[in-house]
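Below are two complexes that have subunit A in common, paired first with subunit B and then with subunit C.
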Partner chain A sequence: FKYCIAMDVLLPELQHIDLQIRLNAVSNIGLFAKKLGKEETLKSLLPALQILLSDEDEILAALAEQISSFPDHIGTDNVVPLLELLEPLCKAEETVVRNKATASIEAICKFFTDEQIQTSFVPMLKRLASEEWFTPKSSACRIFYIAFSRSPSEVQSDLISIYKTLCSDETPMVRRAAATHLKSLIPFAPVSMMEEQILDCVKSFDNDEQDSVRLLVVDIAIAIAKTLTEQNAAGLNKSIVEPLITACCQDKSWRVRFMVGTKFAELASALGEEMTKDVLLPFFCGLLKDAEAEVRMVAAEQISRVAELLPLETVISEILPILKTLSVDEAQNVREAMAADIMLLAKQFGTQGTNDHLLDLFLHLLKDDVAEVRLNVIGKLDQVTSIIGIEHISTHLIPAIVELAEDQQWRVRQAVIAFMPRLAKQLDIQYFNDKLLPLCVGWLSDSVFRIREKAAENLMNLVSVLGVEYYTLSIHPQLSKITKSSNYLYRMVALFAAAKLAPILPVEVVKTQLTEELVLVLVDDVTANVRLNVGASLDVILPLLEGEPEFVASKIQPALKKLGEDKDMDVKAYAAVPKVSS
Partner chain B sequence: IRDIVVPALGTTFPMESFNTQFEKAANKFYAESPSVWDFSQMFGEEDNENSDDDSQDATDNYISSLAFDPQGELLAVGYNSGQVVVLTQQDDWTYQLYSEFKSHDSEFDCLTSTEIEEKINMIRWYPFQSQGQFLMTTNDKTIKLFKLWNKGYVDDTPDIGVKQRRVFSGAHAYNINSISFNSDGETFISTDDLRINLWHTDVSHETFGVVDIKPDDMEELTEVITCSEFHPNDCGLFVYATSKGVVRLCDLRDSALCKGYSKTFKDTESDIGGFFQELVTTVSDVKWSPCGRFLLSRDYLTMKIWDPRMDSRALRTIKFHDHLIPSLCDLYEDDSIFDKFTCSWSGDSMRIVTGSYNGSFYVCDAFGSHITQMTAAPPSAPQRSNNILDSSHKVLHTAWHPSGDVIGLGAKDFGFLYLKQQDDSESESEEEEEESQ
Partner chain C sequence: KVEMASYHKAPPKAGLLNKVKTNPADILLKKQGSALKSSSSRFLKVGPQEKLEYLPKITSLTTDEEKEAMFIRKIRQCCVIFDFTDINLAQTVPKEIKREALLELVEYVVNTKAPFTPLMYKAVIIMVATNLFRPLPPRLNPSGDKFDPEDNEPILEAAWPHVQLVYEFFLRFVESNRFDAGIAKQYLGKKFIQQMLDIFDSEDPRERDYLKTTLHRVYGKFLSLRNYTRKKIQFIFLSFCYEDEYHNGISELLEVLGSVINGFALPLKAEHVEFLLRALVPLHKSRALSVYHPQLTYCVAQFIDKDPSLAKPVLASLLSFWPVTNSSKQILFLRSIEEILLVISQHPFYFASIQEIVFKKIAECIASPHFQVAEKGLSIWSCDDSDCILELVTENVDVILPILFPSLFHVAKSHWHKNIRSMSYSILRLFMSIDSEAFETTIGIYQQNRQREKEERNERVQKWKELITEVEPQLLREKEAIPDNLSTRPSSTNLNKAQIPSPHLDPLLNDNDGLPTNIVIPRHLGCLVEEEFNVEDPVFMELVEVNQIQIHEKLRQKQMLPMDPFTVEALQDHVPLDDGKRNLMWRILYSWNWWK
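The block that comes next holds the complex of A and B.
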């Protein structure tokens, strides 16, 4: 009988003294259930799994996770019995276990009928919410929305008063959980409840003595604003949401103000343009001038998105002056954040506005002491050049790039390399070749390997942007020159480049310029590392030359044969890799 | 006009350097609740069976920390050997063994070629109750979080499980002297000689530096941090004390990076002068009152009560060690002048206890004038002569039950429990000399 054998195998494993064996057994429970079939699972497996509930945390976590897959294995029409295992797991002490248990509950509740929600889920929720310790109460907060979203209004009233008690629990852990998850309930609350019970809950958080609770009010405010707007009750935003935001922006704890800063753009778009201008703007300016650098930094990251919701004259009169102050902020991370974001303002300001008001700011940041600030400007440059064209800034841009290209920190140099293709697209070709191509070539001989590697990649990117002709005219001569370098490390770069470029160039070019002039010339190189890479490069090139059997036979095969008889073992090994199709 | 609020006294009192109203109320309280203490229990390590094993240091069995849990059911005792013993309170207010485990092992630091001792420098209980009890222990370099829970019963006795839950290591270049939980239930600070780190209890791979007093040039080092503590209710406030006799109040809400301090409390009245001045003003322990309104600092010769809102001077200076002043030279010779005595508040924030030499300890009124000196010893022990200063018998560690009148004391390898005499009942001196282990 299938059941006996299966359970007889499983049960001892679940009770084995070795944790790893138990863990392996538990991790396969889902498949086991599938094999057993629905009826046997419900009858024998689920009760048997109860023994695991006093086991170690890793077992509990694995069990909680597995249960979420049970509907797949045993069907979705009666998953209620799974709660018998999940409810105790929601009370577990270790956070990871509780989180997995609540995640599984969320997964299986999709398959509950509305009636099952009322008869099985809601009572479980009430039990968890009235337990003694903070652990099950925190779990209850997480899954509260499931009952709330699927219950009729009388039950909702009942549920919200239970939630209220959780909001004023004596332990900060439960209050934090209640504050974090209130926003999941809000979309399902009728406007009248918003004005009363929900608002009561939020007010208690607003006045909480724990910073970690107060800072959660921001997300709640956003959720309320969004829901009120959706339900055509946006007028209530002023009376309900405004006081909450006021309190947060003026909080003594920088962490709370930081939280507002990170969500400001989201808040502004939830409240709409009018409220942003009338109510939020002074707060935003306050955050940009906050005493704490971390707050100024996150506010600076939001500038362009907030400005979008304001009329241009307001941005110019209110925000622009602050930007000037921020550009000389003593905290480096503030200037970095600002540099990354304000380039996006160009779109709103338009050609004339950018020229008049923003250009000086960009150029100032381009001369900042700190490399990261300058890099952030360059990184978003295309936002600006698409509005005002590149001619205006190129005189300032090029010296800045040249300086960064030779920065002592290799990571800075690496970041500059990444910009090259974009700049190649935007600049006049002659200008690019004049000013920036020498840099690209110089990087091929950088002292840091990563840079040389990136430089080779960069050549491939340039060709993708500028075309095959560009390769033949501008790049190939330089690569050819490098194969004659006295340093073997640089000669190897030619081979990397060839391997990178081969896939995107036409066969003719691959044949003559790449293979003959770059790769094969190094077959007799004095250094084994170089010869070794010849084999590696040929491995990439060979599949691309399938339509050129004579060339392969006359040029490549002899080379491979020669390398195959090389005195160095590694060279021989690499030469053996490329497969010549017969 | 500032006011003093001490919950035990009931109403609020305006303070103008000890307004008579306040003193009257305080004295009334102390009169109605006199402080008479009786020996209750003694516990200590039995003589070593393997006494021919020379490698076992006699000081291994010395108590190095004591802590009552917030619910008042358990007492944790840490030892130089890295062992932690947890006792549980019985109905008759005696303590029995609950659990015992090895918290830390000694390690060898390859970088500095020194041994990291397993001595438990401090034990703190997690402030909130749940299915198990959580306690945090630390040695010089590593902090650990343990869970204790009742697994079931074996022949009527509870089977207590112990599990190491988290290890917080690698964050301190110098020796850790304190750990303290935040009232938010999820963060804590750890303090070494020069730095204080803020941790989250669920995250052991990352910590934030909040205080750093290391000078750029170590030649200029003149001050080290000796202890620190979070405020019992306010999640942003903590204090730390230094070897210069200074207590600093810091507010985490002010700024993100290594902050300056909000307030400084410095001893301005010390009149020893001379060579020993700095040595005796170094603060060995600092504790917030349970009501959160006062600070207690212990230096070598005095205890000081501070109102954090007044930084100009201490609210009260309790001088109970003046008799040591003539002997400071001798105490310096045998290094006793560097002893770190701890101090503790009573649960109602009205009394304080600290240890001393000759095996004695002092229970003082925080706001009244009484100082009761007692000797930690079972009633049957021979009387000690208090005329000669015996600095080898010292009560370094103290702890006061959070809600009851039980004091725990640690003196070398013996621990003592004292109960306050109840006024209504007959004085029941429990003369049990229980050497429980």
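The block that comes next holds the complex of A and C.
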């Protein structure tokens, strides 16, 4: 009788007037199923759920989602009845409901036998595909691949002819769905079908009046190219894929060209080096010179990945001249995109090629009016320094960097700072100290907090690259000078730096140089904010000095005690934080 | 013979133009020169580049054949497309030749009595298609947020000096009494309509204004294309609703539809009803509803006025789209409801079928903590021009009062906003005066119902607990006490992260009667006032003093972002086509040298 009780509770809940109460019941339907057991769930609960099918979207969405977990409740060998609930949900108006229903279908179809696919799933799919309204047809497109991938070849050709009618449906929504999901059929189609039926489907999109349909051809072309290559029929790419791509690249709608632009690298790698050079290169150059800035921008993002597939001399003769025009493009987005990408070309160009062809471009972009462009170059500069070679760095790049160190945009300065440790590693220390150390020190008294903070962090990175001795000799004198600065904001920087540096320096240095000469000298500072940060820095330093109880007792504890009696409330609070282990 | 009262409001005007015209003071101007935008339509295939030269005037020729030939030569000249983004001085003269040719063609179409020949139709339609049907430029921000016409400045069409004249010419051509749709339809077919609908997505409000009028005229003249046009508009709406929510011309299309619906014959055909329920009403779902809400409501109201039995399905679907978390959309929905009730007040027979679902929702809105929603809910039957709704409410007070009373009482007693409390109270007084007997009955059952609801809730919680204890006891949770050692550290720290109490420790988030979070047993009814209603309650006395609150006619709209002075000027210069001032504008255009 236990099912009776559960169903007695459930049924009124499912029909309750308050949406929230129905929702509770639907989204916890698993609890009821568990109580009822497999058999009763199948016999009483599933039919009862039918009453929900005319409910509001929110309930439908919850139901569609719950069904995917039903195989757990009713056993994986008996999932076919679930289609009865999912089929009406595939026809719902609301997109969310349909998406969840089709996702659930994908989930439960794993448990279908091939025979069940033929006897239950395929007939349902055909029903959906022959409905009048657009929603069932769109849903059918999405789950079509399930039937297609698991059917024998004679059924496959039957199915593909149904799909073809969907592809030329009157409603643009169905055509878009058909175009979007055609790529999921392609991997399962034999080569002979690809040449005929599949190509017919694509051709109907190719001439579509809606650019939102035409632009989906790009993805389909990529899928075809990949599949043909896998099936060792790459030779067909020329006759099948090339005309599709040609049409997309020459489309009058910028959206379609934009789509080709965003996928160009993927397309090129799917078609292979030879086709890239012979067929795609002129199109790619065309996109880089497109009338629409948006198209140029997305194409510019692909340059390095496309160039990899081309011989270097072709890149130099065909693409390089365009790069020069792009570097002075009127749209800043285009320059930004290319600035971020061409740095990656250096690898392909090698030391000589980079210095001959690219370095000028880099230097030019470093002087761009727009901060983002400069930023994108500096951000990727570390990837080219090892290629450019030390000699060119010092003669060409360093002057540019020194100039950017005082850039008006703090984000640019921040990018330059991030680049410093890398340079320190490559450059001669003497040279670094002469040219760049003054910059590193200068940033400690920048007018922007973020830069001062980063500058302190930078010191830590420099020391971890250059060693403890470098700290004692070059950095420490500078920091201790800052503790005497007249501006409390700068004095605080010394404390930040001490906290950052403490973990990577040996105890002896932490004791004398950091704690005594940087932190403790500021205990009596006039500004409360500085005293507060003394407490905060000691919180970091204290755990590192566990082996030195004498030092802690004689130096740090008195300082903390003093801060604990401060007249400022916040200073007191921070002084209470560091816990001295006894 | 009973004449049906018809929906008599004036159709609302679509688009940004309206806003620029009506409240120029609301528009903030950007500093000059800050607008860095490329305003260009695409001149990808710059048509047949024949060299333009001045031709003799059509009227200077004598025979009809010569006139026809010259007309067509001039039309051909107008097929040459110029790139207006390219400031090439060599183009100045040919551009002017094209402009003058267009002006002359307009004048010829208006003033000459000679009929149009088939060759002329063909040439005109090709010329219009060449000039107008072009790929639209990228939107302002194609990869980021969706384009919001409320917030963003439109991209103006660069070639407007020519494009406007082409629209003007085509309108006059179609409007001319010598225009014969029978001949024209050989050249103007489905493709033309499709392309025309495509450019409704244009960001230039002036262009959409012309398109709106043009589409209206074409729809009027070409009977055989009407069905097709409606279907294509339906596809646009459905794509907008269910796919990308991304279209600039929805309000203009709705405005055209408004007058189309007006012309539907009774009884309504099934396809029209389907259009209403499956394409129009779902438009309420969109995030950008405020952009086209007046036009949409107008269309829906027209339908219901034609067939009041549609009110029920429309309201049912509207209520199922209720924007639970978006209060400004809730106000718009309440306006739609108000509008529908106004129509229904002309057909009181149908009120009974909708009163329950509608007033339940209104009761919910009255109890909203958002004061504008509550205000709108409270004012639905008491604003000046809707006495007719109050009449309906009065007639059905025995059904409506029990639905509204709990909310009204609760709000009058404990809403945070004093004006809302006062409004509620005065509405309670109003109901008392309408029917004191019904009021007494309602008070009588009120407390009983509260008690019953409370019991039902407890019972429900208990049942869930039993079920969960039996099946998955680990889902049940104990109430957790607030830990008293929550960090008291100051949070202004650069080095130490303040300790944030983890959410599972927060009893406010956690206490769900011990049930898992995905089971929420509503308690809104439980928190309503439990004591007895007493008009003389001292709590109410202070409310009598509060002046009746001003009802906000206008939804407080988002402040527009600063606009480029050039754009504002261009929009203000544009005379909306239905202003009756077109001839005046025409004279201005004629004497206006655009390059200066």
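Note that in this section the second predicted complex is superposed on the first by the 434 of 582 C-alpha atoms of A that agree within 3 Å, B and C clash if a C-alpha of one lies under 4 Å from a C-alpha of the other, contacts with A are read in each partner's own complex, and residues count from 1 in each chain.
Heads up, the rule we're going with is that a residue touches a chain if its C-beta (ideal position, glycine included) is under 8 Å from a C-beta of that chain, and two chains touch if they have at least 3 such contacts.
As the structure is a computational prediction, the values presented were derived from the model and not from experiment.
In the overlay built on the shared chain, the residue A:252 is in contact with subunit B and with subunit C. In the superposed model, A:391 lies in contact with neither subunit B nor subunit C.
After overlaying the two complexes on the shared chain, residue contacts for A:77 are found with neither subunit B nor subunit C. When the two structures are aligned on the shared chain, A:34 is found in touch with subunit C, with no touch to subunit B.
Residue contacts after overlaying the shared chain place A:171 against subunit B and subunit C alike. Subunit A has more of its residues touched by C than by the other of subunit B and subunit C.
In the superposed pair of complexes, A:196 makes contact with neither subunit B nor subunit C. On subunit A, the patch touched by subunit B and the patch touched by subunit C overlap at residues 93, 95, 133-134, 171-173, 176, 209, 211-212, 252-255, 291-294.
Touching subunit A in their complex are the following residues of subunit C: 38, 42-45, 135, 137-138, 142, 191, 194, 235, 238-239, 242-244, 278, 282, 320, 460, 463-464, 467-468, 470-472, 489-490, 492-496, 516, 518-522.
If you check the complex, the residues on subunit B that touch subunit A are 128-132, 147, 183-186, 202, 233-236, 252-257.
Contacts from subunit A toward subunit C in the complex involve residues 6, 9, 18, 20-21, 24, 27-28, 31-32, 34-35, 56-57, 93-95, 133-134, 171-173, 176, 209, 211-212, 252-255, 258, 291-294, 331, 453, 496, 499, 533, 536-537, 539-540, 570, 573-574, 577. By the touch criterion stated above, subunit A contacts subunit B in their complex at residues 91, 93, 95, 133-135, 171-173, 176, 209-212, 252-255, 291-294.
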